Amino acid sequence: MKMTPTRRVTLAATAVFLLSLSGSVTAIHAIDRLQANSVPQQALYLRSTKVLRRLSLGYTGLLADIYWTRAVQYFGQQHHNDSGDFRLLSPLLEVTTELDPQLLPAYQFGANFLAPKPPNGAGLPGAALALTQYGIAHNPDQWRLYYNLGFIYYTELNDYAKAADAFKRGSELPGTNDFMPILAARMAQHAGEFDTARMLWFTTYQSTKDARIRQNAVEHLLALQVDEDITRLEQVIQKYRAQTGHLPSSFGDIERAGFIRGTPADPKGHAYRLMPDGRIEVEDPKKIYFITKGLPPGAEPPQPPHEPQPDLK
Amino acid sequence: MAIAAIEILDLEKSYLVGFWRKRPKLALRPLRLTIEEGEVFGFLGPNGAGKTTTLKLLMGLVFPTAGTARILGMDMDDPRVKAQIGFLPEQPYFYDHLTARELLNYYGQLSGIPSKERSARVEQMLARVGLSDSAGIQLRKFSKGMLQRVGLAQAILHDPKLVFLDEPMSGLDPMGRREVRDLIQQLRQEGKTVFFSTHILSDAESLCDRVAVIHQGELRGVGKVAELTSGTQGKVEIVFYANAQQVPTALTALGAESRFGGGNMVNSVLPEAQQDAALDVLRREHMKLISLTPVRRSLEEYYIQQLRPAENEEIRNQESHKQENQKNELREEASRKGVGV
Amino acid sequence: MNSNVTGARIGYIAFNTFREAVRDRVLYNLIAFALLLSGAAILVGEISIDIERLVVVNLGLTAVSLFGVVIAIFIGIGLVSKEIDKRTLYTVLSRPVRRWEFVVGKFFGLTGTLVVNTFFMALGVFLALVYVAHKFEPMDVWVLAALYFIVLQFFIVCALALFFSSFSTPLMSAIFTFALFVIGNLSEDLRGFARVTSGLGGAVATAIAYMVPNFSALNVISQVAHGDPVPGRLILYNTAYALLYSAMAISGAVLIFQRRNLK
């Protein structure tokens, strides 16, 4: 085929187009990697929502959505980097909800991840409470916000009276969850019981679609199961000791005495370990998060690692 | 054998029109035409006939649906062609904020005229089109006629062998038209080939060696102007002074159609065969003969004939439309001058 | 074909574009800019304490950016269509000028205009800084980096405007270019969205996220207003990115313009 001048230009321009396209994508990746690791991006320059509101030229809904995405991204990224530094989560959520006070997922996210101690959250129960109360002021009909409020009082502040009050008020709202009145009732007498906590996390699981919040609830439910198992097993060991005068050397001893059937295992299928001093330990303390029992003496409760994130490469 | 200046080989163009660009509209039917070197060639046709489309195809501004052309012996999309041709588009405006001198200098740069020669050449061209005095004025203050002259200057600036002019006389006053005619004559004398489109037939008749008539995208006829207008009519025109306000009956008997000019002057047209008999009549009556000329067919007649039969009506419409346009142009020019000065 | 000649022609077209823009009073925007900035500097000097520098840098650089983008769009979209309307393109292309040379020359002419314009605006920003702060500080160097990034943004906007005007009407080109400018400023968030979306939607979102211009990283105005440094590697990457993206848009414009029938 004859190589006309036009064809030559077309070929050259196509080559330049494709090369510069791939080059620019590479450059964006390089920039993103650089920005993700640099301090400046962590600073949130525009914290005044009033200014932001004006700058958005009335498109506050869109801007709120953008900030909401940024909040989630920020949390994911910091979690991914295991930095435990979530300083910007609170202002990001604040800006988000001030731009769009009806953005309920933001409140839920705040209740779940602002209050818990690092590295699982920002460790700011006060900020979490303020955010939730701001949400209630703007959305008085949403039972979930009362649930969030009770949740924070219960899990982080252990203020069961205030938690009961929040659950009770939430249970009176339209469309409320069946567990709300029960939770309210249990706060008074059975606040420290496993069933109460289980019900709470189950409600959390039920009332959201956010994968991160659900995963968090599942981990807590598993941990509750382990804590409850170990509490029961240790009670059995005490009984065994009272009857026989010595500690069992294996689960077989206890089974033969008729206290249990089979070898007890954690919810992930790993057998519990009976220690010589009569304590119970989980097989691998790093595999089940948030447990308070079954740990080697002096060990910190394990925290979940960052959830798998699409790589930035 | 000399190479033809332009060899158009079945050049064809259709556009896709309509919202989905699916309906083809034929702008130029396959056109085959050869223009010899050194010719002044007129491309005639009513507005929308396909004249500008042909020129744009040759300039590489639009791409042919089929066919090709050779210019000065080279393929039409050969970049070397461009160095040897000049082009004046229809009703050019140019860059408003440049002066005539700057504009020509810019075009000289693009044409690759070496900087040593450039300014001399620019001045020469400005003088040639009579713009030396206004060379430092920005083009937005120029009248239409002046712009047309700038356009001509840029078309011949780089001394091209072949010049394409699209409607070079349109929108010009009689003086301007005369100047353009003179310029084309000069180009002919310099041995250049000139290919120009026009709808002003008298210009074509007085300038062209050959003309082609195109209508509705179709070539209707090509020929030498001398042949097209040669005395194939077989009639002569006699002009003489009659003795009184009366045409001699003997003359009328020869089949003459006569009318009075000023005073006793008479114009009579009669068959060529009766020429001698008519002269005898005049001599007998002692009337003074002023002239005797064979009646030639005008280019206009040829043109009309090529467009016939159905299109006569259409041409009249277009003529009136054209007049309307020219009026508008004049008005525009008047307001332009009013604001500009 | 001699490449020197090609380069010279591109240069001539670029210079002519620049001259047209300047004579068309494009630089008059500098007057508005100067008024805005001096007014702000005086006001800020009187009412705000400790944040004069912040306000002047923020306002000055934002104005430089917006003025430039508006100029880039409004000249850029007319570059090709105006030449067709006035038939000047016909007289240019009937000379030994290739269509791609015309496009590239126009691009350099327009960016040249903006660089000159930005130079004067930058001068204004620094004058205002001296006026409110009474001295230069080492961190003012980063203002230069921010200005450099703004010029890189102009390259991209010019290339986009030229790209759209190679096949579309001026109005549509203006709308497209401005829309891409806005979207481009949110490109980081767009890539964030794309990352959390999966399946076909995710693939489409990713493709779009990488095709739109990435202005987020080119905007460091607030950062330098607070006196934070701009990392050297960011300057390097941003330069590479802006040049590559412009090259992409320009080659796209060439590909389209190369085949266009100039009716």
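To keep things simple, chains are lettered A, B and C as they appear, and every chain counts its residues starting from 1.
Following the convention adopted for this analysis, a residue touches a chain if its C-beta (ideal position, glycine included) is under 8 Å from a C-beta of that chain, and two chains touch if they have at least 3 such contacts.
What you see is a predicted model; the values in this text were computed from it and never measured.
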Reference subunit B; chain at largest CA-centroid distance: A
A-B or A-C - the one linked by more C-beta pairs in contact: A-C
Middle chain, criterion being Cα centroid separation: C
Separation of mean Cα positions, subunit C and subunit B [Å, integer]: 47
Centroid distance [mean C-alpha coordinates] between subunit C and subunit A, Å: 43
Centre-of-Cα separation between subunit B and subunit A, whole angstrom: 84
Residue numbers of subunit B (touch at least two other chains): 79
Residue list for subunit A, restricted to those that touch at least two other chains: 5-6
For subunit C, residues that touch 2 or more chains besides their own: 98, 259
Subunit C-touching residues of subunit A, taken from the complex the two chains share: 5-6, 9-10, 13-14, 16-17, 20-21, 23-25, 27-28, 30-32, 34-35, 38, 40, 43, 45-46, 66, 69-70, 72-73, 310
Subunit C-touching residues of subunit B, taken from the complex the two chains share: 15, 56, 59-63, 79-80, 82-83, 85-98, 102, 106-107, 109-112, 138, 151, 154-155, 158, 164
Footprint of subunit A on subunit C - complex, ascending: 98-100, 186, 188-189, 191-193, 195-196, 210, 214, 217, 220, 222-223, 225-226, 228, 231, 233-234, 237-238, 240-241, 244-245, 247-248, 251-252, 254-255, 258-259
Residues on subunit B engaged by subunit A in the complex (per definition of touch): 77-79
Touching residues (chain side subunit C, partner subunit B) in the complex: 1, 5, 8-9, 12-13, 16, 19-20, 23-24, 85-98, 259, 261-263
